[in-house]
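Listed below are the structures to be examined.
Okay, so chain A shows up in both of these, paired with chain B first and chain C after.
Moving on to the complex of A and B:
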């Protein structure tokens, strides 16, 4: 009695219509928590879980407006047909390529930027703003800007390489399967690295400074400190960065569409989902492919989290 | 004991009440078709940027009909996706919506647009060109508002610099003329052609196929373009050769049709093969062109003389989920009035689909390049005389992708067309 502040007790009592201050306790707090969380739960149910369940249902039905076949249950047929198509296999290989290349560049680049920004220096705020800028641009706009740079006729890249005598004639970069993937990845990484660097920077800022001090006293050099202090303590942030980078890379679409259209040599799984669903109007198969992509994304995320949790333990 | 309710609860209750009242009022203000007068109704019209009617014209319709219009301008690609999503969900997107000829097969079969053949007046139906392009299964789903078709254009000044006084009439002559223009220094890459994996690339190939006297499919949708002596094969070979021989810019493999067209109006190219009937209007607009008064229409070069072309008409349809179908029909009929079509042509450059109005424009000298347009119109044919198949969109995407691959050199012309032929046979069969 009298253990709670009088004002709070009174507010809670008023809220639940209670004139018995003694009954205001954990139960009422829990109820208040539910009341406050319910709107969000309703939104999540309506906008996340219901579409998810409906999507799973669609993926097991024949919903093809292009052929006019009546909607009926087909089990896993959509999955088998979608995954068996040669375009899907090629798209999956491209997507894997984007993922490996993008993650490598994003983590390496993001960490380098985060390490630099972690130290105070003059103009740090300005550098920070410049670093964030690519992330602020919509990916379509980035694609359009970079398309001008890669233009084989009058693009900046060809012009620069020619002046440096690294090429002898202007190159049609997107005619090459290798360079197509490389440049699409470059544009993608350019837009995502700022986000990754922010995540890693927040992780770096959570590492106690006294650990580095103690390590210096013990004679540890920069590389040793990085290896035995920074990296281990950065694991949670790295897990988040890897998960975020993976989700974004697996969903790559805008940059490809703007730079190279529906060309076979750069098509991703997400593009295949779009073509199947909105061009062919085969909603059943398109949804099945989207479910597979979501599962793959989820598996990667679980793998990262599990790996880093075990390492932390 | 009196229980005092929190003040914030009263505020929330009041706000909720206001919102509910506003919703109830708004939903009551626009009643659906009641079979009687359409006055007081409100319709939404969704069109691409080139069909953006002026505020004055919309005000005119509203005054004449008593129906208010919300004009929603969206990208052409965006409209297609939106119709697909709304149609799949069986929800209304807009009352009157753009219906491209290429969507008719799919959307008609899906039942997403209302049939109009029994609702249009017989005089209007008889005067309209291109109604076949909006017909599927015997139903007419759209009314043509833009008589778009493909026609070529050339830069007279560049040709004159190369010593050529008349436009090319055959593809062989065109190739020679382009070499002459290139050698004269007028344009490094004198022919502009989209070769990216986008819709416009397939359009240019279709045009050349028809110009060479061929067709894409026979009446049973058996592909006719895989054989080396077919028009389709020769058409693609011409494009690839033009790229290899330096007549087409290497950057074309990344260019859409709009970007390829800009090369012509910027003066970087001397010929655009697959342009529209508003090309010269754009080429003569100092705000968007560097070749004012230099461009002229040219009949599409063919095998032994000017060849055929095909129509890409755009129409207005009424979505079957619309609650204001009568009001939507009134809007379409108003658009199709001769006086309004003339105004729209002068403001937006859209060539009308009513034969009588086109003739009137030519007679009055209001159509830039009118004589060539009227001449070319005589050889306009539908791309699919047998009716656009429901799988056309997928076929078109495949065609653009494979043409792009052939242009990049990752496939030969034969490989690309054989793959397209086998894919299209699978589509037609399944």
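Moving on to the complex of A and C:
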């Protein structure tokens, strides 16, 4: 680096053309690239790939500090036991519920927000800041804030509904199978919609204005313009939004922990992994379940990306 | 398109709804934190506090109390310490993340080296791996290195967990920056390193600010990792401490709400002050 005299480099650069300076000093470039990337690679290898391999290995061994069983290879038994447990099935069902409910609300709400914020207007910066706020807060804090609303004894929701005569007595919302899932999703969506709306907004801003202008000249109404211009051109952003929303929803944990603890009726797969690993101390089975969750998440992500690629062709 | 009056009114209605939805729960939390216990436990609920009650904040922020020369701490000892932990963890982790992500993002987007695609692909692939698969073996590794409950241990894990996203964001950002400036510098005889430091880095200040903001929010909000890797108050961040309040102060909502409000102030300030940069990085700079 810096070993070649400046004059000669300039001449060579002129010789090779001004749009390809990288032809000169390609080895220098590659060396710099490696130097810059090496710390990251080291961190990933040591703290991600090595533990990942270890984790996969653990999932095939019987490691249970709760029962104190000896550590030996058991193949896929952990997987079979974990997937067969009724708690796992309940958790999976809940997680699927969270996923579908959350994605629907996030895409609908996110799109609405993105459409509102798409065109500049006075005060738009302030609205941006307000929109981002729920996403900026730790999800644990969100749970604390919403807890007062859902509290069964003196919560604001109960109070409001009672005063509107929609209910007769205060309800214990988190005891109901449907409402507990619904409200956990609500708190989750509250924190995620800002991110989704920003992703969709960036997609909207990539749509050229003249397309709308041409459509308007051709007599297309607002809804038609939306169906035939906005939605199709929004597909890449929608794919990113769906993938992001899915990855986040499948890993849902914080909100549930704060709002309803480890109760079974709101338990997610991630919560089940936490319980299996850190309360039952069954490391083998817990890791197996975590691997299954990762694979499921990866499959969803690939599915979205695949659909998007096919649609774009 | 000149917006019609109907659309303008409709938009204002939507904006008010969006603001109410976003700020409502925060307002509820703030009101609860300054309400007297009786108001909070009243049935039906009193939305607005009858009188201002700052006991929650006093308990959390109060100075150490000394009785007869012996220090008798209120919750202030633990809460302030947890806030301090959160702050130092955030600043230090984000510094490391910036160093890693800025230089890696630049390298992936502008430099050509063997294995670039593979490394980048592997990095992005880890985004779908939930921390949990790694947590148990990581716990064993950390325990062997005596890093459980230490700041360095936590920082290492935070960096690992957030680096892929950081690099991804900055990589995309780098691709948006005009490359002509760097080319011009290279043709003037700069080496790659000189060009990077003197020309490219100054170009990237907005992106660095945005990345710093997003990473600060991510690290401040971490819960699962410190729940497992920061068992003692020495390193415990405020997100974990708050959940302990739920068990300790089951009916003292003003206190818990006050803790929530205090814990959300730093991320809220970052989101408000740096909102232009965050928005830029996520929706394109215009």
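Here is the rule we use: the second predicted complex is superposed on the first by the 282 of 313 C-alpha atoms of A that agree within 3 Å, B and C clash if a C-alpha of one lies under 4 Å from a C-alpha of the other, contacts with A are read in each partner's own complex, and residues count from 1 in each chain.
Going forward, a contact is a pair of C-beta atoms (placed from the backbone, for glycine too) under 8 Å apart; a residue touches a chain by one contact, two chains touch by 3 or more.
This structure is a prediction, so every number in the text was calculated from the model and none was measured.
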Check whether A:260 is in contact with chain B, with chain C, with both or with neither, and answer first, second, both or neither.
first
Figure out whether A:41 sits in contact with chain B (first) or chain C (second), or with both, or with neither.
second
In the overlaid three-chain picture, which partner chain does A:283 touch, first (chain B) or second (chain C), both, or neither?
both
Where does A:134 make contact in the superposed view: on chain B (first), on chain C (second), on both, or on neither?
second
Could you figure out whether chain B or chain C reaches more residues of chain A?
C
Quick check on the superposed pair: does A:33 touch chain B, chain C, both, or neither? Answer first, second, both or neither.
second
For A:181, decide between first (touching chain B), second (touching chain C), both and neither.
neither
If we overlay the two complexes on their shared chain A, which of chain B and chain C does A:252 touch? Say first, second, both or neither.
neither
Applying the document's definition of touch, where does A:153 land relative to chain B and chain C: first, second, both, or neither?
both
First (chain B), second (chain C), both or neither touched by A:234:
neither
Chain B/chain C common contact set on chain A:
14, 19, 147, 151, 153-155, 170, 277-278, 283
Considering only the defined contacts, which chain B positions touch chain A in the complex?
1, 3-4, 6, 80-81, 84-85, 87-88, 106, 109-110, 112, 189, 196-198, 249-251, 253-254, 256, 390-391, 393-394, 397, 400-401, 404-405, 408-410, 430
With touch defined as at the start, can you tell me which chain A residues reach chain B in the complex?
14-15, 17, 19, 63, 65-68, 147, 150-155, 170, 172, 174-175, 177, 259-265, 275, 277-281, 283
Quick one: in the complex, what on chain A touches chain C?
1-2, 6-7, 9-10, 13-14, 18-19, 21-22, 25-26, 28-34, 36-37, 39-41, 43-44, 47-52, 54-56, 58, 112-113, 116, 119, 121, 125, 127-142, 144-149, 151, 153-156, 158-159, 162-163, 170, 190, 194-195, 198-199, 201-202, 205-206, 212, 216, 247, 250-251, 253-254, 257-258, 270, 273-274, 277-278, 283, 286-287, 290-291, 293-294, 297-298, 301
Touch list for chain C against partner chain A, complex
1, 3, 11, 14-15, 18-19, 21-23, 25-26, 28-29, 32, 40-45, 47, 99-100, 103-104, 106-108, 111-114, 116, 119, 122-123, 126-130, 132-138, 140-141, 156-157, 159-160, 163-164, 167, 183, 186-189, 191-194, 196, 217, 220-224, 228, 239-240, 242-243, 246, 253, 256-257, 259-260, 263-264, 267-268, 270-272, 275-276, 278-279, 282-284, 286
